[in-house]
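For reference, the structure is listed below as structure tokens.
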Amino acid sequence: MKSEKTIAWVLLLVLPLGFAAIWRLQHGIDAQRAALSQERDDVLLRSGRLVKIMSLEYAPLLADIYWTRVVQYYGNKHVRGQANLELLWPLLDITTTLDPNLLISYRFGAMFLSQAAPAGAGRPDLAVQLIQRGIQANPEYWRLYEDLGFVYYFDLKDYPKAAEAFLEGSKKPNAQLWMKVMAAKVAAEGDSFATSMFLWKDIYDSTPDPSVKKNALLHLQLLKVRGDCKQLDALADEYAKRYGKRPARISQMVQAGLLRGIPGDPLGFAYILGENGKAELNLDSPLLEQQLLLDRFK
Amino acid sequence: MPSSAIEIENLTKEYPFGFLHLKKKTSLEGLNMQVETGEVFGFIGPNGAGKSTTIKLLMRLIFPTAGSARILGKPISDVEMHREIGYLPEQPYFYDHLTAAEMLGYFARFQDLAAADRKDRVQRMLKKVGLDTAHKIQLRKYSKGMLQRVGLAQAILHDPKVVILDEPMSGLDPLGRREVRDIILELKRDGKTVMFSTHILSDAEMLCDRVGVIVGGRLRGVGAPGTLVDMKTQGMEILFELRGASNAPLLSKATRTGACYRLHVAEEELYAAIEQLRGAGARILSVSQVKATLEEFFLNLVGADRAQASAVEVSGK
Amino acid sequence: MRRAGVVALNTFREAVRDRVLYSLVFFALLMMAAAVAVGQVSIGIEQTVIVSLGLSAISVIGVLISVFIGVALVSKEMDKRTLYALLAKPVRRWEFLLGKFGGLVLTLAVNTAAMALGLLLVMLYVKHSLERSDAVVLVAVYFILLKLALIVALALLFSCFTTPLLAILFTVGLYIVGLYVQELRDLPVEVMSPAMAAFTKWLSRLLPNFENFNVMAMAAHGRAVPGALILQNTLYAVVYCTIVLTAAAVVFSRRNLK
């Protein structure tokens, strides 16, 4: 039929030509709009409470949308390598107010906030605030403690608080064993040997898992090593004060009467003094390898 | 100028239905038919027989599965040909927000009429269909019968050569039916071709030069109403009124409703019967023929293929 | 074309008689309330608030009308069979469709223009004077109208082959997608497979991009919109409407009415 043919021709002509034109126009418009550089990252309503009131019964849904905006905002800035993340906090604030149980927004939000620029907003203080808000709303969720611990540990370098967070989290239901491990590790980092020792001891005594037990034992041994080395260093300082020079060998300290005998590490290998004059594990001790291995992960 | 105003060739319409449209329902099967120029053609059949389907196919409201049709020698896809035809849809319904005059004026604008002529025609048409007093009322307030009249008016507004009416009598009171009848006869007098569908046989008998009977999507016969069936009178019916008692023998054969009686007699006994009734003091109200009508023809056909007729129940409504 | 014009005028008349323009009353009330309230609650950013609110209201009212009446344009005529008598007249189906489109766009133009006027009046009331830079509000309104025309075209297309309810869902869905096309483009392609990335890119360029027409932020701060963007957006809307209406005409021309 004639009309059928006409229709086919019209379609063949209009559709490709039209879409080609649309393609070109869109390029042009994009260029125009990019030149205008409208600030599109505006958060008009900064009050989470107000947004919540306005969201009727759909607050959780709106929270999801806001969360998507957070991710996009962060992602866009991240891709462009821009460090200006000042809207991150208001967006997260609104998101978590709208839906206090949106756990992911606390966890990743804290990550975005805490990391140093340009990777993140460089605001660990806000990250702590966010997570604490999350903990308040979801007190039984151990992972938030984990995140809190890490923010304290990595970004704020507040080891006692980090250890406290890990320890608190380890008491929550379903918490992984390594939360306690982290607490112990971090406590050690913060030089609170006692806490660390105690925690590792607790792990050692309570775990049925032989590999964890072995690991705990190793840590206990290395903690002992660190403690011993510190004491030896202190004695070496004493020696230096007395004789005007640092000892070259442990035996010198024994001769000086500072030690009763040459002390050994938990495996019985005698400590030595390194080239810098600090006490170290014996080169023959199997613990040395473990120590080096762990130090590498610090 | 071809002699046939409407030529229909092998027109077929199938409706797919069911899951994925895999099944098909045939509502019109290979229709071949002509309507001659200047005649009034009645298209009759029961509801769902395919009358409306045929008319909608002619108007290109739906598209045929097979076959073709020509009006005034032009293929029905020719838009310009529509200047010459008028169409009244079944149970017409028009824009609620317009008055009758506005609606006719709106339709008239598609017909290339001069503005003055348009106005004049609209007034004339409204008068013709008896709506000249109501033309300022919005159509949402119109009754079904009034809408039918408006529909008729818009169909003949532009003085078309071919008028196609789908159930023009439906929804009308007896007075309205007579007016429609008059309009159709007037169109015929003016040399127009009229094709209308109906399931009311008396209308067809009274008006049509020829009728086509369609049942179950198939044409069962075309011809003058008289040739399709034996139209011989099968007796007379007398309607009379009788007050007080009487012992006329005929009275026992009559059926009584209040003071009215209805009596069936053979044609040759009519005068004798009337005499007798008058003698008894009855007042004759009417005398009419009792005919074997198209209705019976119709019923026979339908009865023969009721199964199929129900199978092709189309979405006409 | 002339016949399409006749249909368009009738569509306009229908919209007016169906009280579509009553939406103006709502707008007027909203703007009046805003004009009074804005002085009380926001200091220094009255104009920004008024313009944002006014343009948002114009857009929302327009979108509602476009979607709901746009879908009803043809489906209502098919449903009520008002179309039957008309299509028997010497009028092609695409002319009818184009007329319907034109009629509603005309209605929207009148409606939007009236609301724009109201907005300007409120701005005048708040600021006591209008400046040249305020013309950007008119550009923003014009862009809204372009957007509405595109929505009407889409609504018409969908209503030509599906039920009114689905057509509304499709239109609204595409509108919302069209607002986020920009975001689609900003997705980090590094995280996607190459095929997915290419697909996303294509999609983001070819889907109707309703964000193109959004200059509300600029209007709110009285920043001028360059003429080139006005031209490009106009062309964009015209070309896109042509594509959509052609598709609608093709679908509708083959459609069996019930």
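Going by the order they are written in, the chains are A, B and C; count residues from 1 in each one.
Everything below uses one rule, namely that contacts are C-beta pairs under 8 Å (C-beta built on N, C-alpha and C of every residue); 3 or more make two chains touch, one makes a residue touch a chain.
Because the structure is predicted, anything quoted here is derived from the model rather than measured.
**Student:** If I average the C-alpha coordinates per chain and also across every protein chain shown, which chain's average lies closest to the global one?
**Tutor:** Nearest to the common C-alpha centre lies chain C.
**Student:** Find the chain most remote from chain B, comparing centres computed as mean CA coordinates.
**Tutor:** A
**Student:** Between chain A and chain B, what distance separates the C-alpha centroids? Give it in angstrom.
**Tutor:** 86
**Student:** So what's the Cα centroid distance for chain B and chain C, whole Å?
**Tutor:** It comes to 46 Å between the two C-alpha centres.
**Student:** Going through chain A residue by residue, note those that touch at least 2 other chains and give them in order.
**Tutor:** 3
**Student:** Which residues does chain C have that touch at least 2 chains other than itself?
**Tutor:** 254
**Student:** Using the touch definition from the top, list the residues of chain C that touch chain A in their complex.
**Tutor:** Touch residues, chain C against chain A: 183, 186, 188, 190, 205-206, 209, 212, 215, 217-218, 223, 225-226, 228-229, 232-233, 235-236, 239-240, 242-243, 246-247, 250, 253-254.
**Student:** Could you pull out which chain B residues touch chain C in their complex?
**Tutor:** 56, 59-63, 79-83, 85-89, 91-95, 97-98, 106-107, 109-111, 151, 154-155, 315
**Student:** Flag every residue of chain A that touches chain C in the complex, lowest number first.
**Tutor:** 3, 7, 10-11, 14-15, 18-19, 21-23, 25-29, 32-33, 35-36, 38-40, 42, 72, 75-76, 79
**Student:** Mind listing the chain C positions that touch chain B in their complex?
**Tutor:** 3, 6, 10, 13-14, 17-18, 80-92, 254, 256-258
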